[in-house]
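The structures come next, written out as structure tokens.
Each of the next two complexes has chain A plus one other chain: chain B in the first, chain C in the second.
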Partner chain A sequence: MFLLPLWTDITTSFKSLNDLINTVPVQPPLSPTIEPLIAAFNIMKRPLLNSLTFTVAATILSCLLGSINGYALTKIKFRGSNTIFLLFSIGIFLPYQAVLVPLVLTLSRLGLFNSLVGLILTHTIYGITITTLLFRNFYGLIPDSLIMAAKTDGAGTWTIYRRIILPLSLLPFVVAAVFQFTSIWNDFLFGVTLARGSEAMPASVALANLKGTTEFNWNVQMAGALWYALPILIIYLLLGKYLIRGYMAGAIKG
Partner chain B sequence: MVDITIKNLTKKYGNTIAVKDLNLQIRDKEFFVFLGPSGCGKTTTLFAIAGLIKIDAGEIWIGDELVTSAERDIHKPSQEREIAMVFQDYAIYPHMTVFDNIAFPLTIRKAEKNEIEERVNKTAELLGIYELLNRKPRQLSGGQRQRVALGRAIVRKPKVFLMDEPLANLDAKLRVQTRTELKKLQLDLGVTTIYVTHDQVEAMTMADRIMVQKDGVTEQIGTPDELYNHPSNLFVAGFIGSPEMNLIDCTLVEERKGFYLDAKEFRIPLPAKMPSELGNYIDAEVKMGIRPEDIYESKSSEGPTRENAIRMTLDLIEPVGPYLLLHLRAGRIPLVATVKHTETEVGQEAIMEMDPSKIHLFDEKTTQAIM
Partner chain C sequence: MRFPSGKVFTKDTLVNLLFVLPSLVLVGYFVYVLIGWNVVVSLTDWKGLAPSYNIVGFGQYVTLFQDPEFLTSLTNNIILILLFVPSSLALGLFLAILLDSKVRGEGVFRNIYLLPFSLSYVITATLWLWMYNPKEGVINTLLRAIGLGSLQLGWTTDPNIALVCVVLAIVWQFSGYTMLIFSAGIKSIPESQIMAAEVDGAKGLDLYRRVVIPQLKTPALSAFVVLMIFALKVFDFIYVLTGGGPAGYATYVVPLLMFRNTFRMDQYANGAAMATLLFLLALVIVIPYLYLSSRREKD
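Right, the complex of A and B next:
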């Protein structure tokens, strides 16, 4: 039952305008055509590439920074680390809308309004809060003695991160990356505010624009949605098994 | 020459004092044990030497290098101190093979590949884990993991070994076996070693010298023999030795024939030659200590009439193997004795004697040894 929307999306994507009028949405096309897919792809090509660029970049950056933060917060004891973590946690609950106006002002002052770099920056910073939480919780499970052993073995702070922490972090990286990729890819609000109608327009915004004001080319729109959903599908298919393991976490032991 | 000198070391956690004004000199090539119940500050002291924690006061010297000084704000990072540490939970890196684990201290120092290979192989052979070099830690047993941790420590030929209860997680049989191997290894390598444990048997069997700690304060430093035969206070007397030393409340009395200990239920004469300080304790409350092996059944024909013979009731016999553990009672005073053999049956009266020269006396108030 929950696959029905996906099914409808697929059937409609392969329908000509004629089929669209003459068939029920869930019914397969009478004469399948890939024209809507091509039409949608041509319109969404650039925005899809935009989305892919900033989503991948922001995902990598936010995961990496989250991991470093998590390491610092759990394994390098410093004054005020708990306060800093508390502030990070509050960041998770900040609604997008609350930061919208200052965000637009800041980005335009920096000259990053309507740019991919601006979107990367925004999504990275917004993502750090949740990735930090995730990595911190995971690193809490790595025994401190492992870090102390590495220290007495002669490793400095960064060597420990690179040689010990990072190789043990596959699972949280997968979980954080999937989570980040999905939420950044799906984001509409930041996209529509920060890069609407520009060269940097994200796919989510382009998809909404596919729905013209006078026409109802459902088939093209559905095809657009299909293109839009594709990367997420691929991610889940590729990383699904790690994701499940990650959710079961606590999986590794020192 | 790698001796370790600790001067006036103090470490606090909030308002709790973990280590208080510790002064200590550990000699070159010595096997030195920190012994004490949990929370006594022994691991804290070890971590301070390793540079894993900062201290609130005092100095630590490794060889002739000042590595830590709270007053002069010197804190050499752990990774630059030439120490190697073995942890209670082994702390071997789960994502690396045994080879990579042992090689880690060398690869970090960017040693030559050939040299790494040679030294890791040699170490693995020494510890009997050569066949395991390609395995991952999760495929190893506890004892094997322990060896990997040990290998990682000795591979780089450090100046000092620091060991934090390395045998605590092994089962009893393996622990005894590894204890012996570890001691031999330390003798062969000749590296100054500090070993932390709460197990007094481990401490007694392995150590050249032992420091007994309690609540962050040093109770006594000495060889196993000194600690056992001349405990300097009540805590050490009770902590060292198994079964424990019998401790009995007494009054010291002086009579024409000499000093006596009066425990109400019985009296024991003290040897004729006694230190003169004993005079200060006449008619005072003191604690008498006597080890279970220094109480034995009277064999003299004089029997109960002998001056140091005590009538006791035998409550229970525990056969330990090499000896029998007798739970006795002199009136209301419980005593434990170890004997090879007894004819006396449970519930019967036993005539016991104590060796007066083996009696320890402690000041009731200061808990310090009088003799």
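Right, the complex of A and C next:
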């Protein structure tokens, strides 16, 4: 029952127009065909490539910055570090509507409206808030004695980060990257306001546009949803437990 | 530069500050400056494509509360919150208890229930579009096929139940998440407490009611905040599933109206006023929560 919507998405994606008429949605196709998948791919390939580009770039950037922030906020501890953390934390819960109008104005002025670079910048910045939280929680677990020892050996702040912190950071990087990839890939609001109907259009907007266009039947629309879901399904299968850790950290420690 | 405590602002501190400076500048500008800028826009009379910074005061807010479109959207938003938040919490708790008492296959069930939460709202809304479609959609064709054709409904095309249909679908998407949060809470309860209660004769559901559920306040609060914020800013899902309809405004919510008025009708000041209200409501939910959790962290 719970998986019914997903099941019918898959069955419908493999149905010809004939099968669409002659079977009910929950039935598997009588003669499976990949034609809807090909048709959907042809419509979605450019937006899918756009999404992949800005998602990967913004994921890497927001994780790197989050790691540096997390390190600075736990291991250096300077005046105001708690205030800075609070400022970032509020950003996690920010309804993006509250910045959309000036964001459009800012990006237009920078010449980044309707562009992949604009989307990378936007997703990186609003991603920093959550990645900082994830890394901060993890680095809080690294014993301070390790840092002190390196300091007495004369290592500087940056050297300690590179030699000690980074090599210990594989786990938080995987958790943060999986979390960021999923949320940036899934975004619709920024896509539809910053890159609607442009060369940089994300896959989420392209899929939403398939709705209500009479030239496409349900099978093509469902196949489009399947293409857009594919990277997330792969991540979920391979790295699901890290994604779950991200969800937990985002909510429990918040 | 000297701090009150007499500590000198050393070169070291400066270098350390450089670590967070890039992010601080970016977040400072793109979160805080833009929020302020948005408030300023909401106080102007900006209509049409060219920005206007002619300050007119709180007129936009007064207009909003006299605008039937806004009032309908706000009412729908509130109804949605009242239906969605408690049902997601209840269903999540139910699933978590079910999972806890049935040990075999726990991981598989958890992964299945959590899958919809990981997918984009655009995808889940597209799936539910197909579920709810009255003519050829999944639910009605299934009802016809098993001879219950008389139970067919218009679902999202019926203005009386459309909002409930939206809520059902997002509860479906979020129940795995609340389940996850409650599951983790249940696991963190020390085994000794459960055993002590069992010695006292607590069994089955009674054990949950007396020992487990009272200790789930912290996860319940986190889930509550996440659900409230989501329900407040719900946009993608409704945009794709109903577009705010049927019958014009049956499922219109504030973020959807904000998007339409701003980006489709160029009423920037009006949209900025709605955005400011959304932000203030989010603060009302988040600030006490952050305060509570920072106190808990210190303890």
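Criterion: the second predicted complex is superposed on the first by the 235 of 254 C-alpha atoms of A that agree within 3 Å, B and C clash if a C-alpha of one lies under 4 Å from a C-alpha of the other, contacts with A are read in each partner's own complex, and residues count from 1 in each chain.
The criterion applied here is as follows: a residue touches a chain if its C-beta (ideal position, glycine included) is under 8 Å from a C-beta of that chain, and two chains touch if they have at least 3 such contacts.
From a predicted model like this one, the values you see are computed outputs, not experimental measurements.
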Quiz prompt | Overlay on chain A: chain C relative to chain B, clash or fit | solution = fit
Exercise. Using the touch definition from the top, say if A:37 reaches chain B (first), chain C (second), both or neither.
Key: neither
Quiz item: Who does A:228 touch here: chain B (first), chain C (second), both, or neither?
Solution: second
Quiz item: Who does A:132 touch here: chain B (first), chain C (second), both, or neither?
Solution: second
Practice problem: Between chain B and chain C, pick out the one touching the greater number of residues of chain A. | Solution: C
Exercise. Pick one for A:176: touches chain B only (first), chain C only (second), both, or neither.
Key: neither
Practice problem: May I ask you to decide whether A:159 touches chain B, chain C, both, or neither, giving the answer as first, second, both or neither? | Solution: first
Quiz item: Draw lines from the C-alpha centre of chain A to the C-alpha centres of chain B and chain C: what angle do they form, to the nearest 10°?
Solution: 90
Exercise. Using the touch definition from the top, say if A:168 reaches chain B (first), chain C (second), both or neither.
Key: first
Exercise. Determine, under the contact definition given at the top, whether A:65 touches first (chain B), second (chain C), both, or neither.
Key: second
Practice problem: Answer with first, second, both or neither: which of chain B and chain C does A:149 touch in the superposed model? | Solution: first
Exercise. Quick one: minimum Cα-Cα distance, chain B versus chain C, in the superposed arrangement, integer Å.
Key: 7
Quiz prompt | Contact residues common to both interfaces of chain A (with chain B and with chain C) | solution = 156, 252-254
Quiz item: What part of chain B is in contact with chain A in the complex they form?
Solution: 47, 50-52, 77-81, 83-85, 87-89, 91-95, 104-105, 108-109, 138, 149, 152, 156, 162
Quiz prompt | chain A residues within the chain B interface of the complex | solution = 143, 145-146, 148-156, 159, 163-164, 167-168, 252-254
Self-check item: Complex contact set, residues of chain A against chain C
Solution: 2-6, 8-9, 12, 20, 24-26, 65, 68-69, 71-73, 76, 78-79, 81, 84, 86-91, 93-103, 105-106, 122, 124-126, 128-129, 132, 156-157, 161, 182, 185-189, 192-193, 204, 207-208, 210-211, 218, 221-222, 224-225, 228-229, 232, 235-236, 240, 243-244, 247-248, 250-254
Quiz item: Can you list the chain C residues touching chain A in their complex?
Solution: 3, 12-13, 15-17, 19-20, 22-24, 26-28, 30-35, 37-38, 41, 51, 110-124, 126-131, 133, 136-138, 141-142, 144-145, 172, 177, 180-181, 184, 218-219, 222-223, 225-226, 229, 232-233, 235-236, 239-240, 255, 258-259, 262-263, 268, 271-272, 274-276, 278-279, 282-283, 285-287, 289-290, 293-294
